[in-house]
Every structure is written in C-alpha cells, then in structure tokens.
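Got some structures for you, see below.
Here come two complexes built around subunit A, the first alongside subunit B, the second alongside subunit C.
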Partner chain A sequence: MTAIPWTVFVPELFLLGAALLIFLLDSVGFRWLEVFGGLATGGIVLALLAVLADLRFAPLAAFATVPANVVDAPWSQLGGSLVAVTSFGLVFQAIFLTSALLVSLSSLSRPTKEKGAAIFFGLLLFATLGMTLAALSADLIFLLLSIEITGISTYLLVGYTRRDPRGLEAAMKFYIIGALSAALSFFGASLLYAAYGTTSLYALGTTVVYLGHPPLDGATSIALLGYAFLIVGIGFKVTAVPFQAWAVDVYDGAPSDVSAFLAGGSKKVGLFGYFLVFLVPILFAGRLATAPPACPVGLCVTLHPDFGVPLQVIFGVMAIVTMTVGNVLALQQSEMKRMLAYSSISQAGYMLIGLAVATSPAIAGALLQIFAHVFMKAGAFLVVGAVAGLGIGSKIEDWKGVGLRYPYLGLSFAVMLLSLAGVPLTVGFVSKFVLFSAAVQAQGWFVWLAVAGLLNSALSVFYYARVLRVMYMERPEPRSAALPSGAVLGGSEPPLLALGGIGYGRAIAIGIAVVAIFAFGVYPQVVLSTFQNAANHLLQAL
Partner chain B sequence: MTDLPLAAFLGLSAVLLGIGIFGILTRRNFILLLIAIEVAMNAAILNFVVFGAYWGGTPGYGLEGPSIAVVLVGLAATEVAVGLAIVLALNRLRGSINVAEATVLKL
Partner chain C sequence: MLPILSLTLATLLIGTVATFFAGPRAKYVAAAVSGVFLAEIAAMFLMFSWPGIGVGPTHFAESETYAWIHVAWLHVNYTVGIDGISLILILLTGILQAVTVAYSWNETRQPGAWFGLVLLTCLGCFGVFVALDVLLFFVFWEVVLVPMFFLIGYWGGPRRRYAALKFFIYTHVASVTMLVALLVTAFYSHSPSLDFAGLQGSAATLAVPTQVILFLSLFFGFGVKFPIVPFHTWLPDAHVEAPTGGSVLLAGLLLKLGAYGLIRWGLEILPNGIAHAAPVLYAVAFASIVWGAGVSLAQRDLKRLVAYSSINHMGIVLLAIALDTSLGLLAAVLLMFAHGIVSALLFMVSGSVHHTFGSRDLASVNGITPTAPTLSTMTMAGALASLGLPALISFPAEFTALLATWDKLGYWVLIPLFTLVVTAAFYIWMMQRLLFGPPKGIPADAHDLPYAEAVAMGVLVILTVVYGILPNLLVHWITLSPVAGLP
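After this line comes the complex of A and B, so read on.
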C-alpha cells in the first residue's frame, strides 16, 4: 500500500498561506493594492514551481516534494485514500495555476486603487486552491467538495465590486445555477454510494460486491441514474450544451479578468471531474471481457454493470452538439464578450471528444486543447478588459480601428483569435490536429467526431475573421462622445506600445499568452510528451 | 419494530429533490429560492444517511455515509451564507430581491 505524505499539499499550502496573509493584512487596515497583488502572484508562482517540480521538469526535478513512487501509483494500492497524485492531476494543477497567474498578473496594476482588492486576490487564491485540491482527488465526495470550494469563491468573485449591477446580476445567476448543479451532483453521488457502497473513484463504475448482505434491488438502474445526475451536475460547470445557457450572461456580466479566470480555470475543473468520474466506467467495459473480477470470499453476490459504450455515445453526442451550438450562436453575436463566451462553449465541445474516445492519444490531445485554451481564451478576455479600460465599447463594431490604434493589443488579440480558429504555427492548430487525428485513429464512429470538429473549426473562422476585419480594415468613426474618466489615449499620435493605459502587469500577462501560443505552437513536443505520459499513466493507474 | 423499506426513503429523497428543483425553477423571490436550494440539497443528505445504514452491515463499509452527510450540512450552510451575501448586495443596489427583475444581461 502506498502511503501519501503530507508534502503532496505543498502547492496548496502556498496558496492558502498567501490568501490568509492577504485577509489578515486587510483586517488590520493595511490596504495596498500592489502588496496584495504581489502576494497573490508570488503564492501562485511558488505553487506553480512546486507542481512543475513534482512533474519532474528537468531544472526543477531536484526540488520535487512528492516521492517518485507516490506519483502515478496504481489506485488499487491506495487503500481507500481520498487523495491520489497522478501526473494527469499535476498537469491540470499546472493548467489551473497558469490561468490564475495570468489573471493575477493582469490585475496587479489597475488604474485606480480599488477597495475590493483584498477580496479579489483572496478569493482568486481560494478558487485556485479548490481547483488544485480537485486535481488531487481519488474520491467522488472529495472531488465534488473541491469543485464547490471553487464554485463558492467564483460566485463571490463575479460580483465582488458590489457596485456594478451587471456584475451582481451575473453573480446571482451564477449562484443559482451553481447551487442547482451542486445539489444535482451530490444527489448523483448519493445514488452511486447507494449502488456501490463506496465513494472511491477507483471502485465506482466497476463490480459491486454484496458481502453478507442482500443485494440492492435495481442497483444497476440506481447507478445509471446517479451517473445521469452527475453528467448534468458537472455539465453545468463544463458549459456543455444543453447546460450552457448561464455561461454567456455570466461571462458577459463579470469583470473581464474574472471572465478570463472562469473560461481559463473554473470550466476546466468541471472537465477534470468529467474525466475522473467517467473514465473508470468507460475503461471497465473493456477490461471486464478479459478478466472478470472474482468474489473475494465464498458467499457473496457480484454485479458487473457495464456503462462503457452508452457513456461514450452520450459524451460523443454532447461534444458534437456543444461545438455546433456554440459556433452557430457565436456567429450571431454583436457583443465581443458574448461572442467569446459562445466560442468558449464550442471549445468545450472539442475537449469532450477526448473523453468520448478515451484512448491515450485522445486524452493527451484533450489535455493539449485545455492547456492551449488557457492562453487563447483567458488571454482574449484580458485583452477585452484592457480595451474596455481604454474607453472602447463592448460591441464588436466599437472595435473599429483598434488594431491600428493600439498595435500591441490588436496584434495580441489577432494572434489569440487565429489560434482559436486553429491556424498553423499556433498552439490551437497543434491541439486540434492531435485531438482529431487521435479520434480518426480510434476508428469506428469516432471518425465522425473528428469530421464534426473539422467542420466546426471551418465554421468558427467566419466569426473570428469578422472581428479581425473590423479591427484592421474598418476606419474608426471620429470620436465625439466624452471619454470615460481614467481612460488613457494616445491622442492623435498614439505611441507604438500604448501600455500606459492598460498597466504593465496586464501587458506582461498578454505578452506571456502570445509567446506561449507561438512557443507551444512551434515546439509542442515540450509539453506534448508530458501530456502523453500523463494520459498513459492515468489509464494504467485507474 | 418493522423496518421501513428502502424504497420509501428513496421515494422521499426523490420528492425532496423534485420540490427543490421545482422551487428553484419557479420561485422569483431570492430568499424562497435559497430555501428551495436547501431542500434540494437535503435530498442528497438524506440518501447518504439512509445508505450509510444500509451498507453498515458489511465490514469496512457504512461509516462514510453519515460522515459525508455531516460535511454536506456544512456545505449547504456555506452556500446559503454566500447566497445571503449576494441578496444583501442586490437589495442595497436595487431595493428588490426579485429574481425576475434581473434583466440587465439580455441582448
């Protein structure tokens, strides 16, 4: 049996320490935005370094806090532990921390000193803490509770300004949907507990053993119902169609930095939950044929409910419907943030392909797609926040000439949109290529998932190209309306890098995203081998 | 004492969940909505207690149920606290806690 040392929680301790320090400083009346931002960013960077060390990245491997025999230990040897360290989970932790880092960096330098700075950075850290805990879970209840930590922090994060009616209304909608999804998820978990007698993710979805016990009537249908509730409950977090309606309002109403975090981080927790909960029953179907598990003692009743293929069909259909609906609705949007929100929904559809196919290359492709989405979508929301801070409206047509007037923001946004559309040399192209080719390799009806993905990628080019045309080809109307206070404009001769108005932290965060899109687009091997390893080890460990 | 059949408990929790979801979908007053959320949450809590007792006969099983139920009670309370914070902020800003009046975020 593998014992889990406390050191697996080192990244979480950095986050928790930074969050508590921020709230402590705030409560004694020390309110300095830069210090809060610095603490949050520092905590996230330390946590990210610890996770990269645990992933055994070359220069950091010496600092790894988790012993090598604990990482990717088979789950059968965990002895019912709530926590397991998998390289799959560590990769997700790195993804969550990267998106939190981008958001906290870009909030470092704001034009004004905001009163809610401690709340913003503290809640950001707590939401990230919930995500990293979720990535460690080996137990359904542990997973759902961690997702709830993230959820509760993000409800408050969406409405943290308390003065903005749009943000507060978004928080209200997010809260209602989140609470509903939590109730449904936990009800599903209780039904699975009823059928299996355990909440360990390793045992759920496999053989039920009734020892000294009359078997439960209709255990298979109860378990099936439990999975249905979990698909719905976690589906709200993933923004999979038909559970996506709230996302557009929330992403639109939330402050842009928070939207970046929701799209880059909190949606991924739901996807991680989908993978962790549903991979076991999907894989079990294949294993049952080769080695049916036997009864441990003489007298008992065993059940082998097989949910593999139905679950794969459900997720395959969900993937196709999600990407299509997201893309078709994105085509019709005139508001920039709503367009990005629908495009984010369609991207969730691509990621679900990995779960439907459930082979090692497909999971690696989904991981790469999730990783790429952080830089593309969170980066895009950060640019939208910067442009809004410059006094430009929220409609797409308000962005006329932005590309020429603000070359840095314009070019960065263009790169992110091209990557979202899947243009070669960007990470968006590589991730789609890996994902779709894995679906084709898997043969059978999975090929249709790749076909749907390709058609949808082609469709998505239309609305991204429309934004690019508005940004670069159309002349801005002469400004007559008074500019909002706090907006910094370059006047008739804008400086080459108009950074002054957007703050250096935000400029750095956007720069990181752009560099990452190109770097991982040209040299995907840097991360792809890690992702393939993570996928292989997950399939072996489960 | 005759034991109630398991199906009775499952039926009760299904009814609780139904009442909760119905309330979440139809209530327009945020406070009543919070109550509906609580009712829906209680369905899961009841299930955990009942099936903790059911699995209690097997060695090594059965303790998770009641302990999970206690944790979920705490979670439900936390959720309501956050909901009340949002209600207070909404009420200060608009003087109304009616959900149906929240229409800023429409196209």
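After this line comes the complex of A and C, so read on.
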C-alpha cells in the first residue's frame, strides 16, 4: 500500500489560503479590486508552480512536494484511499490552473469600484480548488463532491453581478441543471455502492468487468444502471449531446470572463470525471478481450460481450453526435457568444474521441486538445468581453470592422478562431492532428471517429471564416461605431492599438493565449511528450 | 553542405512578411524576393548536378531532416528534399512568381496584401514540392489554400465570394480525404515515421485491396486539384472570377500540386495501388480529356475557354501518370511544366484583353490586331503553343505523352489524339475571331499592352520557344531524378 502524504494538497492549500484571505479582507471592509485580483492571481500562480514541480519540470523539479514513488503508484495498491496522485491528474490540474490564471489576470481589468470583486475572486479560487481536488480523486464520492464544489461556486459566479437579468436567468438555469446532474450522479454512485459495496473507482471498474459477462446477475444489472446514471449526470458537465442544451444559454448569459472559465475550466472537470470513472472498465475489458479479427480499413465494428466495448461505442457515438450537433448549430448563430458556446460543445465532441479510443496516444491527444482549448476558447471569450467593454454589440453583425479598428483584439481573435478551425501552425491544428492520428493508429472502427472529426473540422471552418469576413472585409455602420459615454475606457476616440482601452490585465491574458497558440502550434514537443508520459503512466497505474 | 531548401523557405517567409508590411513599396520588395528566389533555384540546379552530391538510385538529392514532434507512436520530422521532378516544378514556381509580380506591377488596390498573398501562394507551392513528411506536406498544402481564397475573394470579379467559397470547400474536403488516407497508410503499415521514406518502405506490407482503397482515396484527394471530371466544376468558376494574377497561379501552380501529389504520395508510395486502380484512372483521364475539349468548343468567354482547355490538358497529364511507365512519368512532368508556362501566358492574355477592351466575349470583341499588335502577338504565341505546334514547348511534352500512351494502351491513343484536333480547332477559331476578324467592339481609348504586362508575357513566350526547341534542358534534369521507374 502506498501512503499518501499531506503534501499532495500543497496547490490546493495555496488556493484555499488566497481565498480565505480575500474573504477575510472583505469582511473587515477592505475593498480594493487590484489587491483581491493580485491575491487570487498570486495564489493561482503558486499553485500552478507547485503542480509543475510535481510534474518534474526541469528547473522546478527540486521543489516537488510529492515523493516520486507516490506519483503514478499502481491503483491496485491504493487500498481504500480517497486520493491518488497521477501525472494525468497533475496535467489536468495544470490545465485548470492555467484557465483560472487567464481569467483572474483578465479580471484585474474590471471596473475598480465594482461591487462583489471579493466574491468574484474568492469564488473563482473555490471553483478552481474543486477542480484541482477532483483531479486527485481515486474514489467516486470524492470525485463527485469535488465536482460539486466547482459546481456551486460556478453557479454563483454566473449570477454574481446581480444586475443583469440575463445573467441571473443563466445562473438559475445553470443551478437547476447542475442540481439535476448532481442528483443523477449521486444516485448512480449509490446504485454502484448497493451493487458492490465500495465506491473506489478501481474496485468498481474491475468488478463490473469481471462479472459483466452474460447472463447478468442482479448486482451487475444494478451496477450497469448506476453507470448509466453516471454517464448522464457527468455528461451534463461535459456538455455532451444530448445533455448540452443548458450550456449555450449559460455561456451566453454569464459575464464573458465567467464564460471563459466555464468553457476553459469547469467543462474539463466533467471530462476528467468521464475519464476517471470509465477508463478502468474500458481498459479491463480490453485486457480481457481476445484480439479482434482482422478488419480491412475499419469497415466493420467488432462488439464484445464485455462491458468495456459497448462503453467505447457509447462514447464514440456521443463524440460524433456532439461534434456534429455543436457544429451544425454553431453555423446558424447570429450572436457571437452563442456561436462560441456551440463551437465549445463541438470541441467537447473531439475530446470524447480520446475516451472512446482509450489508447495512450488517444488519451495524450485528448489532453492536448483539452489544453489547446483553454487558450483558444477561454481566450476567445476574453476577447469578446474586451470588445463588449468597448461598447460593441453582442451580435456577429455588430463586429463589422472590429479587426481594422482594434488591431490587437482583432488579430488575437482571428488567431484564436483559426486555431479553433484547426489551421496549421496553431495549437488547435496540432491537437486535432495528434488526436485524429491516434484514432487512426488504434485502427478498427476508430478510424471513422477520425474521419468524422476531420469532416467536422472542415465544416467548422465556415462559421469561423464568416466572423473573419465580418471583422476584416465589411465596413462598420456609423451607429455601431459610436462608443457609449460611460464606457470602461472613458475616452471617446478608439485607440489604434487598443491596449490601454481594455486594461493591461486583460491585454496580457489575451497576449498569453495568442503566444501559447503559436508557440505550442509550431513546437508542441514539450507538452506532447509530457502528456504522452502522463497517459502512459495512467494506463500503467490503472 | 548548404541547407539550400531551408534557406529558400526562410527567404520566402521573410520576404512574404516584409511584403505585407511594405505598403505601396510592396512591388519592389516582391520583385527582390522573386530575384533571390530565382537565384536560389539556380543554386539548386548547380548543387543538383555537382558530382558526388546525393544523386543516387534511392536517395533524394539535397535532403534535410530535423526532429519535429517525437513521441513513442508518432514521429514527425521536418524533412525536405528534392529530386528531378520537384526541381522542375520549383523552377516553374520561381518563373511564375516572377512573371506574376511583373504582370501585376501596377496593382493599386492594397498592393501590400496583394503581393504578400502572391508570395505566400508561391511559398506554399514551394513547400509542397520540397516537403517529404506527411504533416509538413499537409501544412504547406493548406497554406496554399488560404491566400488563394483571399486573392479570389477580395480582388476577384462580381461573383468572387461564391467562387472563392466553392474553391475552398472543394479543395478543403479533398485535402481532408488525402490526409486521412496518408495517415491510414502510415499507421496501418506501422511506418516508423511519417517521412516519405518511412511510408514508402512500409506501405508495401499492406494487403493489396487496402492499398487499392487507399490509392483511390488519395486519387480523389489529389484529383480535385487536377481537376478531374466530375469534380472539376470549381475550376471554371474560380478562374473566371479570379483576378489575372490569381488565375496564373491557380492554373500554373495549384493544378500542378494535385499532379505532383499523385506522383509523389500516390504512385511512389502505393505502387500496387496504381497497378490495380489504373483502369479507373484511365477512365477518369479520358473523360476529363474529352469533356474539357468538348466544352471548350462551346465557350464564348476567352477565360472560360482557357480554363476548360486546362481541364483537357490536365487530363492528359493524368493519363500520362496513370500509365505508370518511365516514359509516361517523363511526359507528365514535361506536360506540367509546359502547361504551367502556356496557361499562365493565356490567362495573362485574357486578362489583358479584358481590361483593354472591356470584355472577353469572343462574339463581341473581334479583330484586335490593328489596335493592339503586341497583345495580338502574345495571344497567337500562347494559342499556337497550347495547340501543340512543333518547336513550341507543348509539342515535345504532348508527343512524349502520346508515345507513352501508344506503348502501353495501343489504339486508345486515338482518344487524346482526336482531342488534340479539337483543341487545334477551337484555338484557331478563337484566333480567327479575336485577332483577324473585322474590327468590332473596340473602344475608342483602347491601347496596346502596358510595359509591365508585355515584359511578363514576353518572358513566357521566350521560355515557350527556348524549351520548345531544346526540351532536353528539362528532360536532362527529370531523368537525373533518382525516382524509381525513371530511365
């Protein structure tokens, strides 16, 4: 048995400390947005550095807080431990913290006297805390509780301004759906406990596979029902079709920074949950299964009686449906944020390919896709927030000429959209290339997942290209060019290089995203090898 | 050894960026970049023929490799290299870039963007011709699409947005198919890397039916660019709406990408595929040849006529490739070069006719020779070259192609032979109407060619004659190629 030292919680302690400090200052009447933002950003940066140290990145490895033998220890020796440290989880923590960092940096540029700054940053930290905790879990209840910490914090984040009725409506919708999703997940967990008397993910996953051969006994059928509830419950968090309907209204109604966090962060925690809950049964079924018969270029689907293969088919179909529905609906949107929300749904479909294929290359590809999505989608929502702050409407039509009038924002947005569309030399291209290559490499029917993904990314080019055309090829109407008098930047002339106009924090966050998109797009070797190691170790540990 | 290929890529990249930001002075930057590019091509020719450098039976001359993305299951390298085939096509790229810059010397709408996009297109084509890794090849392949989309969509004719989108959809779907087929080839055959050499070595281990399916997918992917009947409909639209410079690059270079891709990534990687799929290719090639020639006969728009005759000519290229003999490959490369030069000339002619006389309609503009003798000379040179007059560049190419077809297919050669007569017919008819008829539809202020356009076309006419009389200048390099199957 591997003992888990308390030091695995060092990143979480940084986040918790910063959050408590913010609430303490707020309660004694201290209201200074920059300090709150600075505290939050500082806490997140420290947590991120701690995670990177645990991932053993060269200059930081000396500060690693988790002993090397604990990381990626085999799960069969965990005993009843609630937590396990995997490099896979650490990578997810790094991704969560990166998206939180972008959002908190950008939120430094909020109006200084805004009410509720402490609430905003505190909740952001708590949501991040829930996500990083989830990434440590080895137990179903621990996982679901951590996801709920994130959930409750994000329901509040969506509606925290209390001024915008659309934000309140979105928060209410988010809350109700979130409660439903949690109820379904916990009910599924209770069914699993009833069937096998444990909530350990490893024990559950292996048991259901060993007992899952037909004919079904009573316990296994209850367990299968439990897994079905989990697919639905966590599916809401992932925004997988058909559980996606809430996401568009919520992303649209929430403040843009929060939308960035939801798309970049909290959705990924659901994906992590999917991976953690369902990888064990899939892998064990794969190890039990005999070698599939030869099959020319994946023209046939081989089904095994084991539980794992139907799971892969479920996730494969879910992936294809999610990416297609997201893309087709995105084509029809006239609101910028709704378009981005649907595009975010379709990206979730790509990520699910990793779970359906469930080989270490595919998991690495999915990680890369999740990582890329932080910069592309969170960055895009941040730009939308900045543009809204300049007094430009929320419809795509209102963005006429934005690319020419605000070169920095326009160019950044163009880069993010091109990356989402998967144009070469951006991280979005590399992630799709690796993910689809991994699906092809797995052979069999997985090739069709790659084909579906490629056709979808070809389809998605159209709605991204349309935005580019509006931004660069059409002239603004005189009315929409006027800035409202009380706008954030105060001045009346739109600055040519609109850095100062959107605030330095926001400009820096957007800049980081753009640089990351290009840097990891041209030279993905560092992150890809890290992700590949994480995936390999995960498969060995399980 | 001098990394000449990477150096050239770097020159073009820096040149493109500089041109974008040069504003009104963009044309001088673009001209300088074209000059350097041509000098570097000359260096490539020198190094290629230098004794003892890389010209062996199995290796690419001038190849460079650096690791790019390496994990256990995926080895992507930056690998570039050239052989005789790519060398000739690079020469074509250099020539067409220079003459396009010269022809559009007086471009006034957004000159920085115009010349930058022209250079970017040529950069992408050059990259496609030198890339020897699936991912690198695909990156350049896609790089070509974007500038052409904007060239058509911004500087094009009245239906430019429709044409640009159609071009984009057709070619994008095709490239996706191509990428999947290449990845399947690599991963199903457990290729050690995504390099050309790796694929070539491992693809033979695949089952023959799989190879045929993959080859046909690749054929679809590359064929749309050719274009092959029935996926050719984007081409007339794109050409008619494209600005002249765009048409020149489209016909001269972009169509060659498909043919080059089919040779390099289809023929050489899946030899069993072509061996079994050849009848399909023959059928498509004959259909394209006949369809292109027949539809050309019915065109009244000069540019549309040239566009359809491109379909006919590229059909002959496809036929020559499908023969899968050394003579056929030689003919295909010669034809590509010849068509690149001649179609560029003819598209320049139709562009000049359009903006000199306000129309390209062969029924309403007649007898231009007295008004514009230089333009008329260029038109005649282009038309004669295109119909295959001896001593002009197309003749040796078409003759080789017919000879190769006779060798392999016997009397089927009558089909392309007959369409050559049709081609001659519509070109002679065109010259008769446009050049020699009684003057009609000539505006009062019509003038002869501007200096820049005359220079651009003149260079192409000279090349047509030089390579027509001395085809060995090309044949020598192509047959030096270490590509398996060439004599």
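Everything that follows uses one rule, which is that the second predicted complex is superposed on the first by the 496 of 542 C-alpha atoms of A that agree within 3 Å, B and C clash if a C-alpha of one lies under 4 Å from a C-alpha of the other, contacts with A are read in each partner's own complex, and residues count from 1 in each chain.
We adopt the following convention: contacts are C-beta pairs under 8 Å (C-beta built on N, C-alpha and C of every residue); 3 or more make two chains touch, one makes a residue touch a chain.
Being a predicted model, the structure only gives us computed values, none of them experimental.
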Exercise. After the subunit A overlay, clash or fit between subunit B and subunit C?
Worked result: fit
Exercise. Thinking of the overlay built on chain A, is A:Ala194 touched by subunit B (first), by subunit C (second), by both, or by neither?
Worked result: first
Exercise. After superposition on the shared chain, which partner residues are touched by A:Ala458: those of subunit B (first), subunit C (second), both, or neither?
Worked result: second
Exercise. After lining up the shared chain so the two structures overlap, which partner does A:Gly253 touch, if you call subunit B first and subunit C second: first, second, both or neither?
Worked result: first
Exercise. Does subunit A have more residues touched by subunit B or by subunit C?
Worked result: B
For this session: Could you look at A:Leu60 and tell me whether it touches subunit B, subunit C, both or neither (first, second, both, neither)?
Result: neither
For this session: Look at A:Ala364 in the shared chain and tell me whether it touches subunit B only, subunit C only, both, or neither; answer first, second, both or neither.
Result: second
For this session: Pick one for A:Leu224: touches subunit B only (first), subunit C only (second), both, or neither.
Result: neither
Exercise. Is A:Leu331 contacted by the first partner subunit B, the second partner subunit C, both or neither?
Worked result: neither
For this session: With both complexes overlaid on chain A, what's the closest CA-to-CA approach of subunit B to subunit C, in Å?
Result: 28
Seminar exercise, completed: Within the complex, subunit C is touched by subunit A residues 296-297, 360-361, 364, 423-425, 430, 433-434, 436-438, 440-441, 443, 447, 450-451, 454-455, 457-458, 461, 465, 473, 523-525, 528-529, 532, 536
Exercise. For subunit B, which residues count as touching subunit A in their complex?
Worked result: 6-7, 10, 13, 17, 20-21, 24, 30, 33, 37, 40-41, 43-45, 47-48, 50-51, 54-55, 57-59, 61-62, 64-65, 68, 71-72, 75, 78-79, 82-83, 85-86, 89-90, 92-94, 99, 102, 104-105, 107
Exercise. Once bound in the complex, which stretches of subunit A touch subunit B?
Worked result: 141, 145, 148, 152, 155-156, 159, 162-163, 165-166, 168-173, 175-176, 179-180, 182-184, 186-187, 189-191, 193-194, 197-199, 210-213, 216-217, 222, 249, 252-253, 335, 338
For this session: Give every residue of subunit C touching subunit A within the complex, in rising order.
Result: 67-74, 135, 138-139, 142-143, 146, 153-154, 168, 172-173, 176, 179-180, 183-184, 187-188, 207, 209-210, 213-214
